[in-house]
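Worksheet: one structure, shown below.
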Amino acid sequence: MHSIPEHALLALLLPLASATVIALFLRRRGAIAAGISVGAAALVAFISIILLVHGERFSTSVEWLRLGDFTVSLGFKYDDLAALMLLVVGGVGFLIHVFSLGYMHDDKARARFFAGLSIFMFSMIGIVLADNLFMVFVFWELVGFSSWLLINHYHEKQSAADASKKAFIVNRVGDFGFLLGIIMCYWANGTVNLDELSRLGAANQLALGAAIPLLLFCGAAGKSAQMPLQVWLPDAMEGPTPVSALIHAATMVAAGIYLLCRVHMLMVFEALQVIMWVGTITALYAALCAVVQRDIKKVLAYSTLSQLGYMVAAFGLGAGWVSEGVGGGPVDMFHLAPDPAGIGAAMFHLTTHAFFKALLFLAAGSVIIGCHHEQDIFKMGGLRRKMPVTFLTFTIGVLAITGVPFLAGFYSKDAILYLAMKNDTTVFAILTFTAVLTSFYMFRVWKLVFFGPARGEAAGHAHESGWTMTLPLVLLAALSVAGGWPGVFGRLAGSVAHLVPEAAGPAHATILVTSLVVLVLGGGGALLYYRTTENDTLEERAPFVFGGLVRLRASFDQLYDYYVAKIQQRFAMLLNFLEQIFLAGLIIRGLAGVVGLLGYGARALYSGSVHAYVYWFLLGAVLLWAYATGHL
Amino acid sequence: MTIGLDHYLLLSAVLFALGFLGVLLRKNTLVIYMCLELMLIASTVALVAFSHFNGTFDGNVFVFFILTIAAAEVAVGLAIIVALFRQRHTVQVEELNQLKH
Amino acid sequence: MNPNDAHLLQLAIATPLGAALVIALGLPKRYATKLAVLAFAVPALVALWLWREFPAEGAAKYFYASNADVGLSSVGISLKLGLNGVSLPMFLLAAIVGLAAGLYALRSGAERLKIYLMLLLVMQGGLLGVFSSVDIFFFYFFHELALIPTFIMVGVWGGRDRNYAAMKMTIYLTVGAMLSLIGLIAIYVKSPANSFDLETLRAALAADPLRVSLQKHIFGLLMFGFGILVSLWPLHTWAPLGYGAAPSSAAMLHAGVLKKFGLYGLIQIALPLLPAGAAWWAWKLALLAGVGNVIVVGLVTMAQRDLKQMLGYSSVMHMGYCFLGIACLGVTGPGGVVLLMVAHGLSVALLFLLATSIHHRTHTFDLADMGGLAQQTPVLAAFFVAGTLASIGLPGFANFWGELTIFVALWKFSPAITAVAVAGVVISAVYGLRAAARVFFGPPTEQLQKVTAENPPADLAWSERLPALLLLAALLLFGFFPRLLSHTVNQALTPPAAMPAAVVHPHR
Amino acid sequence: MTTALLQKIADTNEWWAIAPELLLACGALLLLVLEIFLPKRDQRFIPHFALTIQATVLLLLLAGFYSGFAGETTFGGLLRHTFLRHVGRVFFLLSSLLVCFLAGICLPKSKMPRVEFYHIVMVVAAAMMLLVQSNHFVMFFVALETVTIGFYILVSYYRDRPLTLEAGLKYLVLGALSSGLMLFGIVLLYGAVGRVEAGGMVHTGFEFDVAADFLRHNPDSFLGRAGALLVLAGVAFKIGAFPFQIWIPDVYQGAPTPTTAFLAVASKAAGFGVLLTLVGTVFAPLQHLLVPVLSLLAAATILFGNLSALTQRNAKRLMGLSGVSHAGYLLLGVVASFTVPWAAAAVWFYLFTYLLASMAVFGVMAHVAGPDDADQEVDHYERLARNRPFLAAVLVAALGSLAGIPPLAGFMGKLLVFVAAFQAHLYGLLVVAIIGVVLSIYYYFGWIKAAVFESPVAADATASDAPAPAAPNWVSRLVLGALALASILLGFYPGPLTNWLPFQ
Amino acid sequence: MGNLLFLIFTFLTLGGAALVVVNKNAVNAAMFLLVSLVGVAGLFVLLDAALLAFVLLLVYAGAVVALFLFIIMLLDTRPAALKAFTRPTIVAAALGGLLLAAGVVMLHRHAELPAAAPAATPSLRDYAAMLFTTYLLPVQVVGFLLLAAMLGVIVLSKKFAPPEDAP
């Protein structure tokens, strides 16, 4: 290892090698497989730190495919953004690998699981390092595949099989737009290399328009589960909990945000508006849904959705910043790159979210293991004493996500709220309300899981998990605390950190007060409202509200199910019917039948009668004769 | 009126047509066969007439061959008809349609 | 090895045919199987070697060329063999899939195995001949040589509906073949070259192109003729039926390799020789393929309940992408088609192989009767899933590059059609994953439990695993290193005059 | 006409030029002599003798003897020898040889005398050989009638079978009718040309060159046109072109299998040989008149032949009807030969491949057929692949070749004809031909299906009344194997035939 | 005189032929065929081909018609067995007759005949010279034809098998 780019290459290939070795040789040797996979993850984490610390930023690329005027290259773009993301992926990924050692210890298909994790690491790092959109797309799809593989880990369960399928297909729908966007960008700008695009952007030579960014956003919406493609993420909780933590909370779902930040130079005002609103609505919707969940992982899943909505909204809010700063008409805005404040806020929240959400999930995993795979929060309770480490770390996670001051979430959330306040009051109001809800449901879970009496058999026999699980919890808890401190994040994110909007003066105070009010309102409300019983207090006291929320949550699934079962499948059946009956039956067999009838007709002319045959000869002779006379 | 080549040709054609008509009409194989002979004869009439009026001689020689061939044909044909009669006891063509379709 | 040395190429084609002859003359079964293995392996090894030795530059030319008179020089036909940048990947494909199909056939337990192997060997010889023929008559000839055994294999060793399937397939494909033959003859007759030799024809028609109206007619003939062979919508109904009935090795070779004949012909013959005709037909072809093959057939695929039928339909659908690529003209689209042809050939062969393996274990092709097989046969499941993912265009497998390239090229042709085509990617994901999930995941059905209780399914045996592994390895290899294929294809397709002097790299 | 002149003409009677025909005819006579003088138990060797004579002559022909007269006219202009006509001789000899081979299999199944059959076959073959070389209508008609009358006998040879005799009668009536038409045509031509004096000699319209010369100068002469078309009608009967094909299935079904083979192959080929000769010489000036007629005939023949064969289940009728369609394809080549000189060679190539495949099929039929020769259903071929794999393999190769499936020889034949047709701009006919080929796949494939693909239900149902196929002896194996192998090898490497035929 | 003879012979020829066609009795048909042949022979004489007329009578009247009569007698077909024509048959026959008549008219109207170039009446010697020089080969062929025909007749009629199929 002599040069920095080769380190990056190593970081990319190590997990791939790990996956390959496991798939080929270690299918039945789970322990060794786990060791290799964790080792690879550790090396990746190590390399990501080295790269970050070393400070060199580079781009490099080689040709991958060329056909005519179409070229795809394989390249790395390692800038501060990538460095930050690589660290998040590598670091959190490593911790989750370690956690999995314990969590998956008794699983029969451990080898497959770890191979899947390695494949995922490979794909995710590919996205992070990719220097062009085609390459992003390649790894984008691979990430989707690894997600499918890992959700489907318990494939003998119908629900897991269905969930994995759903995740993959919904992601493909997003990728449909993503790919079109890439191709459009390729022909519009002549390149999809991120550096080139930046250069063109700087020179105002980019072909701008809302189509390209919106199409690209489709991809992001699929992966980051934004409305209306959010349906797959809650179902994805069928996978093992570490997977939920790694893929469906900390890293993969954040890839959409990362992608948006990567292609920010293509953004235009209209597109950003759309993005902002999609993010805002997702955030609100998911928070509402989270309130009525009984499954601890589902709560976290909706929380993830909500937080992703925050990030997307934050990115979209970058648009408003420009319009205010320039003050020109909409025509001018077309020629201006959006202000990167949105990037800063989004990436900041992405990072902190990765820490505390991974923490929450892993802690939840620890709880689930402790409760012998019980996931219903109403059947838990009183785990505070039985699982002290888990309790403590989970608490930190809850505090972080709800934005308790001086914890990571506080800073990043404030940055977003501040951005919203400055740009769009409506969005600000919605996001604030969402924050209230966040506190509400997080404290609800916290209370129900750890306090009160144990309400289930399993919870009664709960026990603390082993060190492989608690150690990552502790480390992540530390990050959840410190990750938002300017000193820490600034170190990690380099120049990206400078983009984070910081409130000053009265705005600062407003935001601070707002977030505290939010915290107290939501958290306090939940703590006071919910009783630690086996039934949902909200359901008992306000069945109307509860029912409404449940229906709201279910509406999308029902809509999709209706579409798939009633429209898509029936249309397919109809086409199949037409194909079999009309095309293969009526036309083809009909044609064959007509020809067959002609054949029977022709055959019938051989009547066996000499006289008939003589008439044939007469006919022939007369025709020839008439032709000779010129009458024919 | 001078009897010329065209008259002979017309005669020959009518004879040929009569023969053909006979083949069309008659159901007795033997008569059909006679009609076929008539058609051959019709050709010879034309042939001899052409030879005469064109001053070529080959046509007449050809008649020799035609007559010989016709005789051979009749012999074979009648043998077939007789053999058929032995098997089927009929010479009516409408009863000879076992082979069909 | 000298790239002008033709012996290895001739050897590769002659080995399977010779072995077939020897078996036909009554070799005992014991030796016949051994000989068959050898006769499948030799072309594969030779193909790899030829590929390795293929000159890095100038792939538009034919290497390993030879020319033999067969007594048809009066009509401009001679047996001219050779490989250029486009035919090289196809030749390799034929050799690899042939080896896999042959290995699989050995243990297929077919009745009258000797004859089965013999037919398969003839087919293999024909396939290798198709892609190494420079003479467009022999190109057609070898195709038919490979096609006839298919019919017989479907008819004799086929499954459900084999009689009707074999008949329908035969008639359909004969129509297609005849149309394309007439098209090829038309090219010969109308061109000033007075030869069926593709190189001569190219030179002659480049210097002196045919009238545009003539080009239109001939291209139309070739398009529909080849179209039937490649199952262009709505002329595709033979394919699902035929593949549903065909024995596995025949389906592998036909769907995997032989079907590519038409596309290959369009790329190697129709596009360069009839550019004006191609331009005129491009939109019509794109509409048929885009709406018909991709969307309609894609949806029809979704509605299938029979695994093999579904594979058949999905293969029809993927051919739609190939046609779309061809409609793009130029280099990129057809180049993508070549990539996709190779990739699809490998993946569909893999899937047909595995479908039969599934049938051995479940005794049914009905998706509704299956479920949860992965619990007992994890390796089979892994292979099948890999094959499915490859066929739906997951990166890492070769198919992705073909589809991507075609989509990229297609955008320039028509963004709307591109959107339609890319929508097909979603459709294929739906049916592909649905089928894989139906067969392998979830709890097993009662039906299946009954079957597996009687004879518990073993996981993939080595005789199945080896060919599958071969195909999968090739898919992954080309998936990771598409340049291995695209390099020569690009050279062969790029018109010499338009060779860009300085290639602008999009990176620094 | 002076004696000296006659002497001169007599001098042109070069018997050496028709030595093969003479050998054949004398051999035929010898057979009769042997029948008289040989004791009864040695008479079974007479067929072998017949085969030996024909094989010898064939070898002589193939070795290139008697082809030295190419381009010459002999017998005072009665015969003209060209290489293509020489090819025809080889063809007829080869087919008569194979017919005699078939007769060796089939005739023992009935109680008929055998020597006469061989005799007549040889005489007919010799007559055919003369027929294609004739350059004079008298010679032409005499040879043609020899062939026709010979066939009357051969068709009704099984005189104890009603169906055979019915076929004989139908052939007789229709054959005589067509002879009448043709003769009238010849007479009209003769009359139209009248007297032509050249070089101190009187010529008539009987001579092909003279008639051609007349038609060249009087292309609108009604008598000439009518005569030409009536002659064509006679030829159409021979080749089985629409609407003169109507007799074919009945006669083919009723006739003994060797005769059917002879009719299907040699008689048809004789028709085409004659047709090529006629359109190449006498009727060449009438191109404008004949091309439309022949094209229409070709199209109708192809369509009608294939359509009526489509649902046919009797093997012999099927061969007949499919033969009709082959006549259509061949007509395509004949039409092309007006503008594309090598098309004639292509027609002969096609005929050779047709001979190989048809004879192989008839050979298999001879083995599969039971005692009733007319009752040969396609269904009787069920399970043939299991019971007699060798016969099934030969059948598959031969039928495939007939269907024109590459890489078999029949495909090459079709290819050459189609290329020629394309060069002659016969696009419409090509479309029809392709439709025909596709239709033909159905019934040929149906036959193959019956023989090779097993359908257990049908096998049970028909097993009871289907005759058991006989086992081929080693000679049959050799011959049939050679035919099938030739059908295959000529597909791969048509060189031997294409290099021999005058394609340039 | 020539005209009258021509008319007479024409009448004989065509009348005989017509009666062959329409007569119900096969024996009568054979007799009318004979009449027709006599007419043709007369025409041959008018055309300076007396030899041919002689041969015609010899071969046809002497051999062919006799053979016909012999066979008719042998087979003993009942003349009354004729069934009435059905309507389609009548229509078809009428149509056929019309077409044939039209053909004849066409021939008569369109034929442009070469100018007459009468030559000397051929002698027997001329015939012989022709047959044995120019047409020697056809004569030989016809010889074989006759032999083959004879053999055929023998094969078709001779008793060579157990007489179970005798009439």
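Think of it as A, B, C, D and E in the order they're written, each chain with its own count starting at 1.
In the analysis below, contacts are C-beta pairs under 8 Å (C-beta built on N, C-alpha and C of every residue); 3 or more make two chains touch, one makes a residue touch a chain.
What you are looking at is a predicted structure, and each value in this text was computed from that prediction instead of being measured.
A.B. asks: List every chain that touches both subunit C and subunit D.
C.D. replies: Output, common partners of subunit C and subunit D: A.
A.B. asks: A-E or B-D: which has the larger count of contacting C-beta pairs?
C.D. replies: B-D
A.B. asks: Average the C-alpha coordinates of each chain, average all protein C-alpha coordinates together, and give the chain whose average is closest to the overall one.
C.D. replies: Centre-most chain by C-alpha means: C.
A.B. asks: Based on the averaged CA atom positions, which chain is farthest from subunit A?
C.D. replies: Max centre-to-centre separation from subunit A belongs to E.
A.B. asks: Return the distance between the CA-based centres of subunit B and subunit C, expressed in whole Å.
C.D. replies: 65
A.B. asks: Just the number, please: Cα centre separation of subunit D and subunit E in whole Å.
C.D. replies: About 30 Å, centre to centre.
A.B. asks: Could you work out how far the Cα centre of subunit A sits from that of subunit B, in whole Å?
C.D. replies: The answer is 96 Å.
A.B. asks: Roughly how far is subunit C from subunit E, going centre to centre by Cα mean, in whole Å?
C.D. replies: The computed centroid separation for subunit C versus subunit E comes out at 70 Å.
A.B. asks: Among the residues of subunit A, which ones contact at least 2 other chains?
C.D. replies: Subunit A, residues with two or more chain partners: 603, 606, 608, 610-611, 614-615, 618, 621, 625, 629.
A.B. asks: Hey, what residues on subunit B touch two or more of the other chains?
C.D. replies: Touching at least two other chains: 5, 9, 19-20, 23-24, 27, 32-33, 49, 54-58, 61, 65, 69, 72-73, 76, 80-81, 83, 87, 93, 96-100.
A.B. asks: Going through subunit E residue by residue, note those that touch at least 2 other chains and give them in order.
C.D. replies: 92, 96, 100, 103, 107, 110-111, 113-114, 117, 119, 126, 134-135, 138, 142, 145, 149, 152, 156-157, 165
A.B. asks: Chain pairs that touch, all of them, please.
C.D. replies: Contacting pairs: A-B, A-C, A-D, A-E, B-D, B-E, C-D, D-E.
A.B. asks: Contact residues on subunit B for subunit D in the complex?
C.D. replies: Interface residues on the subunit B side: 5, 9, 12, 16, 19-20, 23, 29, 32-33, 36, 39-40, 42-43, 46-47, 49-50, 54-59, 61-62, 65-66, 69, 72-73, 76-77, 80-81, 83-84, 87-88, 93, 96-100.
A.B. asks: Would you mind writing out the residues of subunit A in touch with subunit D in their complex?
C.D. replies: It comes out as residues 595-596, 598-603, 605-606, 608, 610, 612-614, 616-617, 619-621, 623-625, 627-629.
A.B. asks: Touching residues of subunit D toward subunit C in the complex: what are they?
C.D. replies: 342, 396, 400, 405-407, 411-412, 415-416, 418-419, 422-423, 430, 434, 437-438, 441-442, 445-446, 449, 452-455, 492-499, 503-504
A.B. asks: Of all residues in subunit B, which touch subunit E in the complex?
C.D. replies: Going by the criterion above, the answer is residues 1-11, 13-15, 17-22, 24-28, 30-31, 33-35, 37-38, 41, 44-45, 48-49, 51-58, 60-61, 63-65, 67-76, 78-83, 85-87, 89, 91-92.
A.B. asks: Considering only the defined contacts, which subunit D positions touch subunit B in the complex?
C.D. replies: Where subunit D meets subunit B, its residues are 137-138, 141-142, 145, 149, 152-153, 156, 159-163, 165-170, 172-173, 176-177, 179-180, 183-184, 186-188, 190-191, 194-195, 202, 204, 206, 249-250, 253-254, 374.
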